[in-house]
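When the chains are written out, they are named A, B, C and D in that same order, and each has its own residue count from 1.
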Amino acid sequence: MVVALATRVAPDRIEIDGEPIGEFIRRGDPAEMWFRMIQGRTPSQEESAVFGAILCSMADHGDTPPSTQAARLVASSGSPMQCSLAAALLAFGDHHAGAIERAMELFSSCVRDREIPSVVADRFISRGRRVPGFGHRVHREDPRVRPLVEVGSALTHRPHLSFFLGVQDHLRSAKGIVGNVDGVCGALLLDLGFPPSAGRAVFFCGRIPGLVSWILREGELGPFRPYRLVPSEEVAPCIA
Amino acid sequence: MVVALATRVAPDRIEIDGEPIGEFIRRGDPAEMWFRMIQGRTPSQEESAVFGAILCSMADHGDTPPSTQAARLVASSGSPMQCSLAAALLAFGDHHAGAIERAMELFSSCVRDREIPSVVADRFISRGRRVPGFGHRVHREDPRVRPLVEVGSALTHRPHLSFFLGVQDHLRSAKGIVGNVDGVCGALLLDLGFPPSAGRAVFFCGRIPGLVSWILREGELGPFRPYRLVPSEEVAPCIA
Amino acid sequence: MVVALATRVAPDRIEIDGEPIGEFIRRGDPAEMWFRMIQGRTPSQEESAVFGAILCSMADHGDTPPSTQAARLVASSGSPMQCSLAAALLAFGDHHAGAIERAMELFSSCVRDREIPSVVADRFISRGRRVPGFGHRVHREDPRVRPLVEVGSALTHRPHLSFFLGVQDHLRSAKGIVGNVDGVCGALLLDLGFPPSAGRAVFFCGRIPGLVSWILREGELGPFRPYRLVPSEEVAPCIA
Amino acid sequence: MVVALATRVAPDRIEIDGEPIGEFIRRGDPAEMWFRMIQGRTPSQEESAVFGAILCSMADHGDTPPSTQAARLVASSGSPMQCSLAAALLAFGDHHAGAIERAMELFSSCVRDREIPSVVADRFISRGRRVPGFGHRVHREDPRVRPLVEVGSALTHRPHLSFFLGVQDHLRSAKGIVGNVDGVCGALLLDLGFPPSAGRAVFFCGRIPGLVSWILREGELGPFRPYRLVPSEEVAPCIA
């Protein structure tokens, strides 16, 4: 028997997190399955719903993220889909996909140390630095934040979401800045039990469908079309 | 306003397939959302459930696929997650991720031309070639097939699933060979309206979570551990 | 002893193509060494000089090839050099890096079948198709062709270069079109004994230095700078 | 005119580091050309010879580096060469390609601060840490070191090579450990004027030919052959 860490494969048998794969297929709930594959524990129904909402919020953000541009550029050169998708992933450098993990690390240590949200926010403001998980280069109010907060309120234990909301209240009145998708997703993932190191893993699971939809459309536009890369005027805190 | 093909992004607004992203977040159903992002139409409840089941069936198959090995190899060298995941994608060559698309092309043309399943199967047998979507290097009965067929029976229109089952009946009695995950997923995706060219796109959406779970675990095993690559005895029709 | 195909590694010993690596280091001639690593035979002094000239001709072509754009895009997102370089490679799709191999396949079969260059050229013209290895989207006279032809004239046996020149004479008078870098390099590589399947391998060896110089400069431009991807007016036979 | 940073491309003209590309082609010396493309200055004849020797020393190290294994794994799955090469690059994580840059940073700061080699070596020994650029998992005497030192002695100004040799003398008598290829190449690259941040760039230029030769051979071995990845017993300071 081939023993993999969480998946066991033997002739005529595949078990994931201790359960036959057929049961996962019959329930047909990717959010619940992937939660278990990453965390190794079964989520409650509320947790599964929140995780599904997080995945949906990450699906796409138009054609301005470098990852999406890299995907289109490679697709336009006639490479197969896996190449375009790989190039997109490689553009998730620390400036891009790392944002959610930085927000998670901040919230995690602040909640652990029982820090006061407004004090933390003021510390960043006084140093002239922006708070990870807040502000967006395009949106004044990131349209993904409010629905995620609503869905997340179903969690009975949500200290990181509370911390995020506390910082947001303070930053909104002090600077007119609100939370972004990295901030609210990071807070909710911590409340769901994901470690900061899993932040970009979840983001990749949620963003791949958006990338493949761009690549499929690029392929439909026909054979090789050249692009030019021009510097953009935008300066960008959150680019997800 | 930045006009992307299916996603529209404007300040404080993100619309996907014509609907504000907040609605997708509130429903929290990745399968429904991704179906729409790839096909540009809203699935029925049955279609969405079948698509969710397909995604679940693709999640992982232990550590023998080349993609999973590439992911572990790169992760063990100290590269960040996006690099490991990109390397895994690059290992989805035509022998690997292409299998589902070959099955879809076969089923699609056979159903269009109203071919008889047993006649098609005999044509392959008489030429000594295996039928795309049938047989597996590890499993005699691929444990993902039966549950997918059950779930897929909820579809009112399912000509490709019927064709797949017809071929399976014939191959089982003639050669003791049954369908594999690529075959049944390919048939169901066609019944759901996905073109063959979208086959590997869907497979990537479903398999990324399995890959990230392997990569996260590799990271937990600590700093650089060397691997050796040794030829395997296995000869492999289906390696997903 | 670890037996690799062309490289043997044992404690305190590394042999490449049967010779201790120290000898290669003392001669310090990358062109001669790489010729041997790919072909498994020692080039004459003329052959080594021609191969060096080919590598030099491939080094860079500004910032318009999709590969260079992909490298800059990924570098600008804060990813390490190997990621930028990998993304560049992925943009070498069939439209891009494949051009040299298509020219090599054509020249190889024409020389083998003793075809007349002008007849071959007319066949393409009469079908309204362009001849692989001829024409360039930017250059009317590709400035790499003449020096390569001069250097290549040192080869005593050069049937593919002669074929290339024969087609060029005809296309120049018939259509005002001359050979491009893919065409002349492809012809010379065949005369040097490289098979068509090694065409893009040699191109990658020659182009990596250009890509790394772009990536190093991108890194010096400082932290994350966003780009926009805009469709280019150019239509492009040769994009190398 | 398209103005690229070091390469200028205009119709019928390509200039690299201010010189027409035809001149580089006529000289046919990749080492001289690439030195200029990365550093933006013309090397002396001695410098060019040393740089050529460095590139040769990096060409290949059998099939045990993770990069070479990743290349073979992806090639065996039926992916095109650029995919295999990209996967190899992604396996150059900080444990692998980063070694040369760590050695360069150490030597650079020590020479700048006029540190005594034996004192630096003792500092590492007393902390139970190994000195970057010294020791090898396979070789007791890395066979690339002595020839590189010989070739490098042609440089009139070689403070970093001297520092490297000073550390080596001390480590050899104190611990029986000698320098590795990363150490001696790093010292020589510093003496040639390359910054530590260019270390892995040069390494990639030198190693690509080895990788493509592995990939070409993998392709010749025929269609899909599965591999297994098994943990290796080796523990590895230098894996280049």
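Details
Basically, a contact is a pair of C-beta atoms (placed from the backbone, for glycine too) under 8 Å apart; a residue touches a chain by one contact, two chains touch by 3 or more.
Given the structure is predicted, the values throughout are model-derived calculations rather than measurements.
The chains that touch chain B as well as chain C are A, D. A count of contacting C-beta pairs for A-D and for B-D identifies B-D as the more extensively joined pair. Centroids built from CA atoms put chain D at 22 Å from chain C.
For this pair, chain A with chain D, the centres built from the Cα atoms lie 36 Å apart.
Each chain gets a centre from the mean of its Cα atoms; for chain B and chain D, those two points are 40 Å apart. Among the residues of chain B, those touching two or more other chains are numbered 63-64, 79, 82-83, 86-87, 90, 92-93.
Chain D meets chain A in the complex at residues 79, 82-83, 86, 90. Residues 2, 4-9, 11-14, 16, 20-31, 33-34, 37-38, 49-50, 52-53, 55-57, 59-64, 81-83, 85-87, 89-90, 92-93, 97, 138-144, 146-148, 150-151, 197-198, 200-201, 204-206, 208-210, 212-217, 219 of chain C touch chain D in their complex.
In the complex of the two chains, the chain D residues touching chain B come out as 63-64, 66-67, 69-70, 72-74, 76-79, 83-84, 86-87, 90-96, 98, 223-232, 234-236, 239.
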